[in-house]
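Take a look at the structure set out below.
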Amino acid sequence: MAYQYKRLDKNDAAVLLVDHQTGLLSLVRDIDPDKFKNNVLALGDLAQYFKLPTILTTSFETGPNGPLVPELKEQFPDAPYIARPGNINAWDNPDFVAAVKATGKKQLIIAGVVTEVCVAFPALSAIEEGFDVFVITDASGTFNELTRDSAWRRMEAAGVQLMTWFGAACELHRDWRNDIEGLATLFSNHIPDYRNLINSYNTLTSGK
Amino acid sequence: MAYQYKRLDKNDAAVLLVDHQTGLLSLVRDIDPDKFKNNVLALGDLAQYFKLPTILTTSFETGPNGPLVPELKEQFPDAPYIARPGNINAWDNPDFVAAVKATGKKQLIIAGVVTEVCVAFPALSAIEEGFDVFVITDASGTFNELTRDSAWRRMEAAGVQLMTWFGAACELHRDWRNDIEGLATLFSNHIPDYRNLINSYNTLTSGK
Amino acid sequence: MAYQYKRLDKNDAAVLLVDHQTGLLSLVRDIDPDKFKNNVLALGDLAQYFKLPTILTTSFETGPNGPLVPELKEQFPDAPYIARPGNINAWDNPDFVAAVKATGKKQLIIAGVVTEVCVAFPALSAIEEGFDVFVITDASGTFNELTRDSAWRRMEAAGVQLMTWFGAACELHRDWRNDIEGLATLFSNHIPDYRNLINSYNTLTSGK
Amino acid sequence: MAYQYKRLDKNDAAVLLVDHQTGLLSLVRDIDPDKFKNNVLALGDLAQYFKLPTILTTSFETGPNGPLVPELKEQFPDAPYIARPGNINAWDNPDFVAAVKATGKKQLIIAGVVTEVCVAFPALSAIEEGFDVFVITDASGTFNELTRDSAWRRMEAAGVQLMTWFGAACELHRDWRNDIEGLATLFSNHIPDYRNLINSYNTLTSGK
Amino acid sequence: MAYQYKRLDKNDAAVLLVDHQTGLLSLVRDIDPDKFKNNVLALGDLAQYFKLPTILTTSFETGPNGPLVPELKEQFPDAPYIARPGNINAWDNPDFVAAVKATGKKQLIIAGVVTEVCVAFPALSAIEEGFDVFVITDASGTFNELTRDSAWRRMEAAGVQLMTWFGAACELHRDWRNDIEGLATLFSNHIPDYRNLINSYNTLTSGK
Amino acid sequence: MAYQYKRLDKNDAAVLLVDHQTGLLSLVRDIDPDKFKNNVLALGDLAQYFKLPTILTTSFETGPNGPLVPELKEQFPDAPYIARPGNINAWDNPDFVAAVKATGKKQLIIAGVVTEVCVAFPALSAIEEGFDVFVITDASGTFNELTRDSAWRRMEAAGVQLMTWFGAACELHRDWRNDIEGLATLFSNHIPDYRNLINSYNTLTSGK
Amino acid sequence: MAYQYKRLDKNDAAVLLVDHQTGLLSLVRDIDPDKFKNNVLALGDLAQYFKLPTILTTSFETGPNGPLVPELKEQFPDAPYIARPGNINAWDNPDFVAAVKATGKKQLIIAGVVTEVCVAFPALSAIEEGFDVFVITDASGTFNELTRDSAWRRMEAAGVQLMTWFGAACELHRDWRNDIEGLATLFSNHIPDYRNLINSYNTLTSGK
Amino acid sequence: MAYQYKRLDKNDAAVLLVDHQTGLLSLVRDIDPDKFKNNVLALGDLAQYFKLPTILTTSFETGPNGPLVPELKEQFPDAPYIARPGNINAWDNPDFVAAVKATGKKQLIIAGVVTEVCVAFPALSAIEEGFDVFVITDASGTFNELTRDSAWRRMEAAGVQLMTWFGAACELHRDWRNDIEGLATLFSNHIPDYRNLINSYNTLTSGK
């Protein structure tokens, strides 16, 4: 049976940010905190840049899990925001599923904390309902690499596509000519090596 | 063919603890001993918390392999306990299989030492007989990471789902509202970072 | 359904070198620079040694991404060279696809920078069109191991075969008797341990 | 000049536990949380077992740093407890220094969070005042290994002796015949491998 | 479609040792030399212990690749020994395939150096011809972990089962009661931790 | 001879930032780029927060080494800026040394790229002239860990004190009561885990 | 003050093997078991080859620590053997010190389990008494790398020289011409890579 | 006592290359072969570029250790070449010491295989005789990191300065203005990241 390349399409994708809460973030140890913070904010910027409908959800944010990281809250002031009263799998929450379906998109880009629960559970549920699911692995975190690896394998076996935010941005953008400035700014803000390339280039070409 | 999300269900799951013996534990080097001990005991507590039927089995416990770790023995005084006289694959032992079938459960949560033998062999046998198998990777240990990785791949190819104890607990619990206190206690006892979050929270909110 | 061994065939293979540019190379951090440079040049030598049609392509080479590494440019002066004006996925560029199809080969050997974009995107597109795709993992680089691992899994799920340049060389060559001297030279130039073996051997047998 | 072996002496040693607070612990990433929790509690047990005068101190415990971990608070209900109002170096706090000097001990065993500040600063101050300082490296934690390594070198250059809790226990105990049962219990409670050895041994020799 | 557990059967398995030559061994860097040597000899002992038909083959043993390691040569003086004149894939050598088929076995246990060539190529060819293939990953070695990982994935995708020598021994033996002494000796000779367990046990139980 | 604790003093310290240039930064591979960028900017903020005289210097900034990273240039518009015409050791440049001496400070806090050259050379020269030198290890970078380790040992043997930016900030600040808000902001901006603690705390205590 | 190279001298050196017991060996996790076993046996062979007086000692060998590894017992049937009744530091045992002094040697080569206790304690005591101490780091083991590193630094600060068995053998031997065959055999038996070199060489030069 | 910065001086330095032989190189596993080969050749180029007197020596080059790597032999056709008949420490060979002294240099730059023997032994001997010794750590290799670390500490304690080839080149050169082209070529040939910077720069500034 022929393979069909399911490719991210900025007109058919929504972003689900699950449980990036200040308390839960202290559990993340499979990725360095500086890098992880950068990746999560990069994914937020990506969603905004491509104008993808974005849904925020939290688990027990008035308890030890803590509030959503303020940067995301500020970045998406009008996004659907589902503070789940208890459902661990966000897909078990009808408001969340309704918000997802209201976007009318078939491709779901999911990231969250912790990977094997807050990301994997809704990812598997969404696959079961026929969505195409793209998990952003570097904006999702968990306790350690063993746990991450187990979670990746379970999702992969279900047909989830594993991507990172940079790959997703490139696949959504398709062609630099759509907007050179905008994509370069996204990369410059979140990839120090790319920023250095651009700064070296600008200095040389501007004669400054 | 549509993917079906096989989700852990506390009413349809049994736990099989295979060969966590004091001698065999000295062979485990793919995971740090402090962490491994904690994970195994966490899985024991999980089984008890969710009242899952649990089966204990050992291999040659009167020889160098040593006795079952006493904590597990004490935690499940009434569980079926099959001291296998020689079968390396627990599923080759009719008493063990009978005990499993007597639970009437279709989902088997398996952990043990060492991963590629004591876990993988019964996992593959159980899959062949139509059970859904969930291996708890962080409560299973073996000689080194190369061996673990080979074992995971063999099980994965057979359809085993790889999970960690925290993910299993979350999938079994479904909703915090079923019992906040109980689940939080399980996490606080076995996840130091979570315990810290709870202690910080309690201090601030109790005004203590 | 029986497994069919899709084996590299020097009469049916083309090589695609995607975006090995001096600026982009500074992004590669999942493999040491000395080793990576060696692997890329080894793949170039391999293509030349087996006389495989080779296609070069770059992305925005007049901007911060920088020019193609000069060694490759010099090694393939007559190869099709597609400086893409903006397409991120090389397969979205009709000239590139035309050049690929003009080779008349069914097996595509792909390497590039960065793995999850410049390699994975055309690899998935090519699979979709019915080509057999062999990605040379050690001549492809990206930001870090997490990103690489995500990219490998996505390609693997699509049927891409993951190989390294040494394995590809061996599979293409089939039999040492086709040319001992030539293959040994390729290995000696790019595998220091092999070069040492040959030098020790030559010294002993030449009586020098 | 002849080397003099400065050996821990249970009659001349005090223990200083600096800033093991629930919030600060989330900063510790140079050592796994399960292992770190175990090491800190082991050091507490060691202090109690050898009846060493022990001093607790915290920094800003009513703010984000959080309260002292409850286990230590409970273990040393009568120990001097200095909640520093602002001094980052505990040795800048006169109450703390007074408490240290009141013990009349010349050997100071120090551990805390984070290593390069809460441990290193008082360690260097104490060395300057002529104390012999033993830092328990595995009950002290910090942001990452680079930071830890820098801190160790700075302390080492000042004459601090770097030890782990197990080594300190052995040096304090001197001879198993002083109390076999007590020391074995300390080890069994905090070293899973040792506990396994003891359990295997007991089973075999008790005939159970 | 139901999963069928393809289980190693000592009556239906043959062992293929491919290119464990003194020169080629210097290329192996994905596993420590002490451990690798031990694993290869363990696999030799396993083959002998279970009386599995064993086939030795080498590539260019009069050149820089060097002779077969003498221990294997001595251990299997009567085994078919195919010194291939040039075929890189051993399966391309009719004598080798004839020797394999002459064993009449359907299960092939393969190990060799280097993994992605000397092991993977005949493994894929054998799968294509309908054999069940079990690669012993820890008795196979290659240049680095990236190469190994690529090779494992390619073999896995073809249906190869990845095992280590210990797991293979356990699956072949089935039940300790078949021969306790023999299996324990195999383990004691090649697993230092197991040897220690046995020595501790023997000392305690012999009263020595 | 008594040890004297040479303690950073905000009234006696100057900061030297050596060769943090956009081209040279691509050479840094002993520390992740996200983390390194953060550390360098944190050191800049630290210098500004404590109002420490700061000196910038670059090597060949019109060539491939590239310009100083713009963020530092903007942060210290009035700082002495020595674009060295060729001296590799900044201390060989009389303008640089004059600028250092003009600060009238005895403690020099140095960071730069690459560690073993741009940092170590002036550090050793400054020690020789009687300055107290504190190298900020996590805001200095180089090719790989082997190189870093060699450089650290050479500097350490000369009496350089190795610190990280967080330790330096704490040692300079001495007491939280000097300015809680300011120091907390510095930490919140550059330590994601600390920011999370503060955000959790603020939410709980503000009742928001 | 001029540096004096304290060089191992086969006429002035004794070997102390401390607590290589079957139970304690299960605690060693800073070095792989296959490699560690090899290193310990290599040191035994070294002592025998150079005819160095060798002293064996154990701690509580009738308890969980287990007996001395049988290989060492057999290798040195006539060596002083001090089964310490309780002294943790072997140097606290007068029989042990007497045995050491009876050798009349000034250079002590020490190895044991665990490094920071069984090795470091007698090493520091011996230095204090004026012996030159050479610790064989790769035949000494402990719980983890953090512990090892702390122990090495403490010993180093006291003047202990850290060596590995191969370096010690070379320093003792001085000149290959003293006995080519013997030293080569020692290396061939314990260094697989060296054995391969020798086997390749012998095959080529013997014309076999 | 004031610290004196012993700085490499191209007029007072000689290079000693010890035992870089084709057989011995297969023992080196603390550094990747591609990188190691590059570093050794870089050091050769450095010696030639700065016209430093260079001495080559080998151990048993007609046996399994193999011949000197041909590249070094060709690069220094007129250098003193001491094929030692048996002395393991090159400094025990009077011809070698005579050659060193004949250079009239006080600073010795040493590299070789294996670090703890072929490098450390002559380094310690040379220090004892009053030379200043600079070991090039990244052009010296050995069995593993544990061995390397032990060797570095022993040399460091004796006053050896540990450097890498790049740092040595920079310290010898002092000022880019002495020869920009030459030094840049040395770096471009042996540092891929630097070569990329130069190639990007040249393309942009040449308008090519």
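Per-chain residue numbering starts at 1, and chain names A, B, C, D, E, F, G and H are given in the order in which the chains are listed.
The rule we apply is simple: contacts are C-beta pairs under 8 Å (C-beta built on N, C-alpha and C of every residue); 3 or more make two chains touch, one makes a residue touch a chain.
Nothing here was measured: the structure is a model prediction, and the numbers come from that model.
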{"item": "Third chains touching both chain F and chain B", "value": "A, D"}
{"item": "Recurring contact interface, reference B-D, options E-G, B-F or A-B [over half identical by residue number]", "value": "E-G"}
{"item": "Pair exhibiting more inter-chain C-beta contacts, A-C or E-G", "value": "A-C"}
{"item": "Most widely separated chain from chain D, with each centre as the mean of CA atoms", "value": "C"}
{"item": "Centre distance in Å when chain D and chain H are each reduced to the mean of their C-alpha atoms", "value": "44"}
{"item": "Inter-chain centre distance, chain A versus chain H - centres from mean C-alpha coordinates, in Å", "value": "49"}
{"item": "Distance between the centres, which are taken as Cα means, of chain H and chain C, whole angstrom", "value": "34"}
{"item": "Multi-partner residues of chain B (each touching 2 or more other chains)", "value": "23, 26, 32-33, 66, 159, 191, 193, 196-197, 200-201"}
{"item": "Contact footprint of chain D on chain B as seen in their complex", "value": "22-23, 25-26, 32-38, 66-67, 69-70, 191-193, 195-197, 199-200, 203, 208"}
{"item": "Residues of chain E defined as touching chain D within the complex", "value": "200-201, 204-205"}
{"item": "Contact footprint of chain C on chain E as seen in their complex", "value": "23, 26-27, 59-60, 63-66, 85-89, 92, 114, 116-117, 120-121, 124-125, 127-128, 130, 143, 146-147, 149-151, 153-154, 157-159"}
{"item": "Sites on chain H touched by chain F in the complex", "value": "2-5, 7, 31, 137-138, 152, 156, 159, 161-164, 166-167, 170-171, 173-178, 180, 191, 193-194, 196-198, 200-201"}
